[in-house]
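First chain written, first letter: the chains are A, B, C and D, and each begins at residue 1.
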């Protein structure tokens, strides 16, 4: 049985994303893979992790098999420690109570900027996307982990529209724009794990997923990729990770 | 505000009567978020009465956004996220009306929408925030002003107060005066109620003022913000109401399939069948079906199971 | 039995203050006579009156014989309609939900400015008074009724320090200072009821309390008083008013 | 904030240990208001440990203000009202220390104190208000800045955020992590908890985290704001704690008579007898007396009687 058969693309995405979290952190998680991956981390290595949801939930403890259809649904509050208003949970970011934000992404560029607003010219868009939700606030105010599908049309040199800022135009441009803290920290795809250069703030590959080549990552990316000098291969999902993930999402709501 | 009647008086009316508080072209704030505590019965009634050209603002917009664009109830939506729900990808209805139909989706960050309601509720012209800076959203929002902080020198964005003419808010319970108690997730409803110049409450049940006065620290909206109270059980269907029912997902899925297949004809058929044809809200619930309603109720109540 | 024997100075103060309120109003009441008078109005002519307290209470319904020692005490919440945070109940004023504010006063001047901060030079005060409490906010943001003892040292031409603004220096000076709405509306003492001239914004006597002469009011006032052209004599406390008042405050906590 | 330990961990310590979070000269926010939910046990312990030169901010200051000035615990108090209680007129203790003793009472409007905590809790440098303008208070507060509103042109006052180093807050119940549920009047405690860089909770009782999680919408302060949890029954005595006990008025009256008769010697004798001599908080309560404690309890619980 090969690695590729042991898990789906969504499953390795969720598992590698979960590994980015550290016990004791406060993580602001979006719906979908972020919610699932944060819960996976909580149920494996990180029992003292605190999960926040945009709907106003602090300290979520999502029930296996009952994943909520949005982070504004009552299911998110089951066995939570606190329920706040929607603006108030976002204000926790502004006040500095949040260690890391964790979102999905539709389109990302070399400086980690995310677009979820417009494909094409914003004045006359080809596609009007759903918009920022909490994404802009989270990415503006804390350190970000993004979990997303790896496709050439999604990994572009420059996004059509910066909905959620990463490092903007690189270098000090984020700070210069009035965002002194936070920034893009990790991007996780089914192919690789990415970080950002400390100086240029350009994206780079930190690790390849098991069985994935440099070429495969580059071929699925819309711009030239840098590879970290300590590039390594991520260790594959453990049975425990896979079993816990499947216990949490038996209906494959977010791991189809 | 100055001329408003703030006396402690009964305000219970029918859905039909409550709709009279909303006039064509008004700025209307809609309570709840996504598929939760949406004032669906009130929107349903306004659509049936063919109100039009509203400017609607809401925490997060879900299928309610489709319906207000598709029916012509609104031509402008102010929010931070507008689709049917993450499970179903993009809303073809929103896309149709925004990309081709001349309707406007005005996007702010989620916190910015909240701060606009909050400033409105606090009686101040703006609130400072640290979000939106550096993004391309801010370039689309000349209504916001960037300043250098007079205390720290850092850059801040000032977002203007949003004071809707009317807010539509659905709650678990309130008294005949409009003192409302909301369980679970509040979303932006408290700020919205204080910000709006008028509030229509729909409620799962009307309780006595005595019951409210036994637990005054559970009251979330005071009666003097409120102009009309309508008792509408399952008033958020097919969306959820915390502690009482979850979203009616089979209905939602059928809805999404129908309108995304044809955002004009599919929507018109949906509105004809579920909005214009029923004689009453209960008949609309019958069309959703007893099985769905009771299954959603069983799940909704389970939040309090230990 | 003469009028003066039927009631105490505090009692007529409370009763005449209560008469200034109208049914259906939202009144922000301070501790002492204002709380008592607002409750008296609620139990007599104004059942649809809504009383707010600084502690965060909306729609108070104070129990007879159990008057609270401050507006921040739990007794204020008994059978209230709502409990808010302290800042939030004050924000109701700023948002315009309050018809009238109702306070006591330590020192007042001809333009209705109140001082509860300093007697003497603020830099080296003879007496440091308790300070504004909610008084500054209430008087800045709504129409005011003040109930206070009538003494020459309390009714002065110019207060030592404006803690709670009335009409500042008269004329348009209140508006010019950045306070477009509200202002001093009535001052009630055991001697008279006062209003303010629409143009000059100077205090004037509207009505004399029963058995009180113009001279008696003037003699107890530290500046020259104007008398309204329609000056009249207030009708005396009714038995119903007195009985209700004494039922509310049998221990004479605020009507000693 | 960045380096703070935000993990879900138990923080239960003794009063003695909790005092270690407060260092001489710190900015300390004190929860409750007037005679309500004052963190009296924590102040008592800090005074016993001879902390000094604190800058204390509070919603409304009552006899706690006398005690922190009289003991030397604080040399600066930020609030809007400072006396023992309306029933007793002026505080001779406050007057003594402010008029002659070189201690500072920094006065803001009540709403301004609230807006300063709120700005601190929201993570912004200031909030705009419409109060204080036109008064002489504003001339004494160069920390606030008057502006012409960039949206409306009207005059506004910007009050700066207040972020205490530590907040002391007394609650009815919390779990060992510090998730706190507060009944009844909140005062400014929620904003204060978010604004402070550290929070010491004293609590009438410690409940299980399971109990908190059964009613998460009743949680008012989240654990990650909190650094220490101390279980202290009657921790606000002789002040009140909502739903549990009212102020112990005979003790208060005796206190006021004693310190107003001689703000130095009277205070010293009071501190000696009630603060420095007792071996424990329970011994302090014994000095107040069983009759007073139980009478206050009977009255406090009556708020829930129908």
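The rule is short, and it goes like this: contacts are C-beta pairs under 8 Å (C-beta built on N, C-alpha and C of every residue); 3 or more make two chains touch, one makes a residue touch a chain.
These figures come from a predicted structure and were not determined experimentally.
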Count the touching C-beta pairs: is C-D or A-D ahead?
C-D
Averaging only over C-alpha atoms, locate the centres of subunit A and subunit B and give their separation in whole Å.
28
When the C-alpha atoms of subunit B and subunit D are each averaged to a single point, how far apart are the two points in Å?
38
If you look at subunit A, which of its residues touch at least two other chains?
57, 77, 83, 91, 93-94
Residues of subunit B engaged with two or more neighbouring chains:
123-124, 129-130, 154, 156, 184-186, 217
Go through the chains and record each pair that touches.
A-B, A-D, B-C, B-D, C-D
Complex interface listing, subunit A residues touching subunit D:
23-26, 47-50, 57-59, 61, 77, 79-83, 91-97, 99, 181
Please output the residues of subunit B touching subunit D within their complex, sorted ascending.
123-130, 145, 147, 149-152, 154, 156, 158, 160, 183-186, 214, 217, 306
Flag every residue of subunit C that touches subunit D in the complex, lowest number first.
31-32, 54-57, 69-70, 72-78, 83-87, 90-91, 93-94, 117, 122, 125-137, 140-141, 161-165, 168, 173-174, 177-180, 253
Note which residues of subunit B are touching subunit A in the complex, please.
33-36, 59-60, 62, 79-83, 85-87, 90-91, 94-95, 98-99, 105, 107, 109-112, 114-115, 117-118, 129-137, 140, 146, 154-157, 184-191, 240, 242-243, 246-247, 249, 300, 303
Spell out the residues on subunit D that touch subunit A in their complex, using ranges where they run on.
1-2, 5-9, 121-124, 177, 179, 194, 209, 212-213, 216-217, 219, 222-225
